[in-house]
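What follows is subunit A paired twice: with subunit B in the first complex and subunit C in the second.
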Partner chain A sequence: MSIQQNVEHEPEADATPALLPPRRSGRGRLTLRRFARNRLALVGIGILVLLFLFAYVGPLVDKWGYNDHDFTAFLDGPSGSHWFGTDQAGTDIFALTTRGLQKSLIIGLLVGLITTTLAATLGAVAGYFGRWIDRVVMWIVDMLLVLPSFLIIAVLSPTFAKSSWLILVVLLALFSWMITARIVRSMTLTLKDREFVKAAKYMGVSDMRIIFRHILPSMASLLIIDGTIQVSLAVIGESSLSYFGFGIQPPDVSLGTVIADGTSYATTYQWLFWFPAGFLVLFGLAIAFIGDGLRDAYDPNSSNAKAQAKAIKEKGKSKDGESDEAAGQRVGSTEVLSQA
Partner chain B sequence: MSDTSQDSDTSQDSDTSQDSGTSQDSTTEEGLTPVIETSKEPAADRHGGVPPLLEVSDLHVSFPSEAGPVRAVRGVSYAVRPGEVLGIVGESGSGKSVSSMAVLGLLPDSADIRGSIRMDGRELLGLNDAKMSKIRGKDIAMVFQDPLSALTPVYSIGTQIIEAIQVHQDVDKVKARTRAVELLDLVGIPDPHQRVDAFPHEFSGGMRQRAMIAMAIANDPKIIIADEPTTALDVTIQAQVLEVLKKAQDVTGAAIVMITHDLGVIAGFADRVMVMYAGRPVENGPVDEVYYRPRMPYTIGLLGSIPRVDDDERRALTPIDGTPPSMVSLPQGCPFEARCPIAIDVCREREPELVTAPGANHPSACHRSRELMEGGGEGLLDPETIYPVPPVPEAHEIERLPRAERTAVLEVDNLVKHFPLLKGAVFKRRIGTVKAVDGITLEIKEGETLGLVGESGCGKTTTLLEIMDLTGGQAGSVTVFGKDVREVKGNKARKALRRDMQIVFQDPMASLDARMPIGDILAEPLKTHGWDRARTDARIPELLELVGLNPDHADRFPQEFSGGQRQRVSIARALALEPKLVVLDEPVSALDVSIQAGVLNLLDELKSRMGLSYLFVAHDLSVVRHIADRIAVMYLGRIVELGETKSVFHEPSHPYTQALLSAVPLPDPQKERARERILLTGDLPSPANVPSGCRFRNRCPKYLQLDAGDQQRCESEDPQLQSLAPDHTAACHFAEALAVV
Partner chain C sequence: MLRRLANYLILVIVATSLAYFLAALSLNPRSNFEAQKPRPTNAQIDATLKTYNLDPETPVVVRYARWVDGIAHGNLGKDIKGGSVADDFARKVGVSIRLLVIATLIGSIGGVLVGAYGAIKQYRFFDRWTTLASFFLLAMPVFVVAIALQMFAVNINESAGSTLIQYTGEYNPTLSGFWPVMLSRLQHLILPTITLTLFQIAQYSRYQRNTMLDVLGSDFLRTARAKGLRRRTALMKHGLRTAILPIVPLLVYNIVLLFTGATFTETIFGWHGMGEWLVLSITTNDVNAVAAVSLFTAAVVLVAGLLSDLIYSALDPRVRFS
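Now for the complex of A and B:
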């Protein structure tokens, strides 16, 4: 059989059975495996889990509540009874930090997720379908962009003061997806004419499937990076709202309010500032690590996810397959013709 | 040659290569002069005893990379004499471009270059950029592959040529401009006085390349280095540009170093040829010698793997297995060993030198080249038979039926696709129509391959997309498997049709989602058409095996495969649902020749095994001749000739088909030199401005020979396809068969 002779089999040596399960793993599993290979990302996950544990288990361990006042200790440094010290009203900083962290973790993650999902879906739909859908979505984007979001949230938040702080999450998310949506839309415009999208279309794949299976994963790097930034922005945005007295209303606290209160004492009573600020930084760091890991896991060209895999696969990989990938995607056929 | 030894590197390694360089030259001078004289090139006589103009000896180039140094060029030596044309052939990554960039001093600073490059006895290597700039463009000129990116878009063509002149010559602007106009006239730009002020975007691809050549010869260079000068161009334009290049050589008397992957172009154009593989020359000699008496398995394989327009027999091509080695970690021994059909133990241990084997009269780098003798014989190897010739696939039962008894899978009747040309920002008004597809009628029966050929811009791809869109087009009808697509309403019914017709795109990198492992890519059509997980999982290894890939590799991403392998994945995806019709849009044009052969064989075999029908779109006529049963030649949105492959190639009757066929270079030096080219004038007219009457008349060579009355007819009457023989039609008032291959 001629074909059997022409087979461009790569050397068999690389197929270490332990690493190549007999069952085909789909993109999801493969991404997960690549993610798990990234040590920094795992550290990020670890930190995040610890933060959650700290935020929710901490108050159970601590004997002070976030609105208790210890009238025997004002502005006391960290000690046996007040692990993180107290503020000028005798409130336990440990209790404040854990309570604040609870809020900030939830707000940050939710806002990041909602914003990115909203931006990706609306941007891609607008770009892919075009016509009136595009016009309507872009009109909404432009309108939301010119509205002074900070003021609106500031004005509205007292109204919602009684209701759940989740409203704040929705409001924060509602005003931060537009620019990403615009970027996603313009990327979709170029992606939808690419051959792999056409190929899927001619296979009979439905439009929404194409968007979620081909178009959005192709811009995963952008979305993930944007998501991480949105998380940090949401925490900061909520903090700044809280700083002005909107957002999370007292007596409830968020990490932002605790930090804002402690800022003026940062040089004199350092525990007031450094403990909550340290947790905020830790949270941001964890998100950044996870984001990087996800991006590398999603991106088959990324050298990070591959680096460890290289030792296993090195032999089997043909060289040109690796080297021309970046150029190949952009210039397409001309690149191959021009190879010399 | 003798004066170089004192300058050359003292290392042992370079000495040996120097020797091989010497031997190669001596053979050229003594042994092979008669061969050169037999060729009709008068230029060949001139460089008998003349000292070489450009002499490259033992050139090594390596680039640093993460994985270690990439040794792109490993010991290249050649000499070019005045008026000589040296062809350098090789696949992508063989180091042919890098070696010429080194000559021009255009490599990045990070490149490590060793060896010697001498022009007229002067060492060029090590000169600083300022000194090299005095040489570049004056003594050594360059013609690049992509004329669009080689010309500055914001300056007019004239300004750029004037600049090229004034940099090296002390002339005033008026004189330089006059010279620029002369040059443009020389390279055949019509109306040069006006076109000199045109900008690059106003020129077509062929004209830009002419302008590049004009710029290259502006200062009477001694050497012109042409790096794939015609690769980006259509065949008819390629023929024009090669003609211009030849003319430029005649005018300036320059030597030409022609770098290309196209063995056909070299056959007709070069005096000597150097075949490169993995950064080294593996065979070197006069064109006739190398083409007719190759002594290196790689050259033999390369020559055997190209489909030829003059080849009637239906045969399988002989592909070279495997892919070129990585230039970072080259294996010990001969770099071709892994792909070589006649490799022996010594090939794994020692890399062969480029030497002339006893009995041969040109050098080749193979341990067994002494055994590779024409005709074979006792203890010898016949170059014809060292590659196992894959058997011609047995015809499917459908294919054995007479054509009239098979059912049609695709019928296109008078399909039209016009795009409006709009102007105005707020109120768009129509100022014209782009007639991309202007009435196409074709039919594909079961088990048949129809080749659709034509130059870029003739509407091939638009036709394909119109068919694949299943919308029915603006006028005319598309009937798939007996169903008119206009009647097919609703997504469900359309999806059912899509199941039986699949498409393979040109660029396998672009058509595979880079972020999906190929297992998922292959699963997509199955999932879409409702296969369950278990069946899908069982089907994927089957598919990979079908196209000759390792089923264990389903977890890998497309970029981990080479170009040929990726195209195999595309084909596997198209075949996943066992369709009846596969539409192939230039499926091999992005691949190297040795890989292309494997893919073509695969397509041929799958067709016979599964009884498929192909609509094969290509611009390469040799490929189409190899694979197609019937051929449709397209020009400016219309089919101008349609018929059985054999009769179209033997008796092309439309002047355009004749010109197209005559422009295809043959990888056969003697035939190629003896051929008459029918050169078309000008470029493909814009489909927005189709000439009246016959749309080909303003480029038609036949039109010029007609008398006024007949010309009138061409101008006023649009020719329809008329039957010339059973199953052979052409749209020309004066169709007449003419053998051109």
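Now for the complex of A and C:
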């Protein structure tokens, strides 16, 4: 789905034999090169790095803390002493934004990491062992999908108001691993019968080792791409919950709470909205670009190459199943966290 | 089929029960009455809580049993102000439907068209800009877009010198007569509809573009052209029809889910529908309302799942129910 077109032909991609698994280093370098060629993805990385710098260096430069009140400046516009203006309590918006961005960045990345780990482990275990383990895991998946996650996190929010924001991270992760786990499971089912897994098994390698050293690395690309999707979903989910006061609790702030606090004044004092919202959107976009670049780099058939090789239409059954699942994933994700 | 239905039903029951227990245990309905002025005596509060089946002294299992018993008799209990939850429910579902119908129609048709056209014109001007725009939208939380639209509307109103676009509520209750009320309703409908529509178009056009791209490279489309069909006819009759197939169940699923999913749009634009109720019932510690909303949500998920399965198998004869 990249905007930009890869005009150059890729001889490396064609030279790689389709059936033989290529050497890992070679594949990794190839992916890296393709990724580096995708300008949008590089822009994404650039934005992300800048955001981190801004979030962590910004507060050092600014003389106001996010808990300070400037009683000489209420609802002041951007100026020399308050770069992003102040809110109704005289708090510096620059300080609030950087602080909120720190939280959003950390929560997004943590949730993405935990979700993908959880999904990979549970999905692979369910697919590999089968039988009752499979049934139990899949039943949990179904149930968590039916549960209204937004409602449950919101209901629980008063109980974790006094404790740390890490609980929010755990809850967000708990409600977003299911669909990826399903995809991992179905991929594990096909990988299970491949020679290299069987060989490892007959050599006496333990089950868990097979899962973590042989099966999961074979789907690393899927997991990495999914990780980036999860990060952006987590950011949206966290800020949405925080907007209603169900997420990050005061005195701590996240971009969601900063925007929510400014809402009632936003139509007249526009800096209360544009600065935090702008950074939130930048973060989301950066992640989206990176994810897109990664997908194109790992799977040349996904979109860019499609235009070049429309003629090559050899989509096997498994591939079709995959894209269906991927579609389902988006559905599920939107259902889970981003309520329109 | 029956087994699948039974499985869905069990999931709905488990999900709703869990939501009830969580709400009953972690929300504090008493705080509502303690904040009232004049503050009722403790005995009065206890008595009221008891009649509403919210008494924290009663074991939660007993309260749950009473609640289930009530549902079996079509009674969803009382909300925190003493009104009937069932009445609130009917009113709020109505509001949500009035808000969603137009947005959903424009959103799904627009999404399909934008996606399909983008695929036909892949990497051209239109495709690039719609792709970029939907990237942008999907990277944003809904409330950012909604508030930005509100600010935009304020600017328009100021430059026009009168309130052309209303941004809170469903209609102006002081008006009377058919046409003024209709006009007021329309003015209030513009912004939330734009919000919902934008997101739906962004989302659906992505899927539609992908499936359409798959179809465009297919043999049967080449055959259709080869037998002499004009490009437009081939694309519409053979291309788009096939490419819509996998989208339809997804559309149905999402549309049905939107019933409780318009939380932000409803809250920010002040429509008192199901989505807003979800948030409101939690912030007001209204246990019975929370339970009703979660029951409705679970039921909606069940209906959405079944409906999209059914439609998929009806449209695509290769799919069989397992």
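FYI, the second predicted complex is superposed on the first by the 206 of 340 C-alpha atoms of A that agree within 3 Å, B and C clash if a C-alpha of one lies under 4 Å from a C-alpha of the other, contacts with A are read in each partner's own complex, and residues count from 1 in each chain.
The definition used in the following text is that a residue touches a chain if its C-beta (ideal position, glycine included) is under 8 Å from a C-beta of that chain, and two chains touch if they have at least 3 such contacts.
Please read these numbers as outputs of a predicted model, since none were measured by experiment.
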TODO: In the overlay, answer first, second, both or neither for which of subunit B and subunit C A:A220 touches.
DONE: first
- [ ] Would you sort A:P148 into first (subunit B), second (subunit C), both or neither based on which partner it touches?
- [x] second
Open item on the list: Just checking: does A:A288 make contact with subunit B only, subunit C only, both, or neither of them? Give me first, second, both or neither.
Closed with: second
- [ ] Could you tell me if A:F35 is touching subunit B, subunit C, both of them or neither one (first, second, both, neither)?
- [x] neither
Task: First, second, both or neither for A:T263, with subunit B first and subunit C second - done: second
Open item on the list: Quick one: is A:S239 in contact with subunit B, with subunit C, with both, or with neither? Answer first, second, both or neither.
Closed with: second
TODO: Please indicate which partner A:W271 is in contact with in the superposed arrangement: first for subunit B, second for subunit C, both, or neither.
DONE: neither
Open item on the list: Does any part of subunit A touch subunit B in one structure and subunit C in the other, and if so which residues?
Closed with: 3, 5, 303, 313, 324, 334, 338-340
Open item on the list: For the complex, give me every residue of subunit A touching subunit C.
Closed with: 1, 3, 5, 142-143, 145-148, 150-152, 154-159, 232, 236, 239-240, 243-246, 256, 259-260, 263, 266-267, 270, 273, 277, 280-281, 284-285, 287-289, 292, 303, 306-307, 310-311, 313, 315, 323-324, 327, 330-331, 334-335, 338-340
- [ ] Would you mind writing out the residues of subunit C in touch with subunit A in their complex?
- [x] 7, 11-12, 14-15, 18-19, 22-23, 26-28, 122-123, 128, 131-132, 135-136, 138-144, 147-148, 150-151, 154, 195-196, 199, 203, 206-207, 209-210, 213-214, 216-219, 246, 250, 253-254, 257-258, 260-265, 267-268, 275, 278-279, 282-283, 290, 293-294, 297-298, 301-302
Task: subunit B residues touching subunit A - in the complex, by the definition given at the top - done: 66, 90, 92-94, 96-97, 145-146, 227-228, 231-232, 259, 261, 316, 319, 321-328, 388, 390-391, 393, 468, 491, 494-495, 498-499, 502-503, 505-507, 509-517, 519-520, 523-525, 528-529, 537, 540-541, 547-550, 552-555, 557-566, 568, 570, 573, 586, 589-591, 598, 601-602, 605
Task: subunit A - residues contacting subunit B, complex - done: 2-10, 12, 15, 20, 23-27, 30, 194-196, 198-200, 202-206, 209, 213-214, 217-218, 220, 298-301, 303, 313, 317-322, 324-325, 328-329, 332-334, 336-340
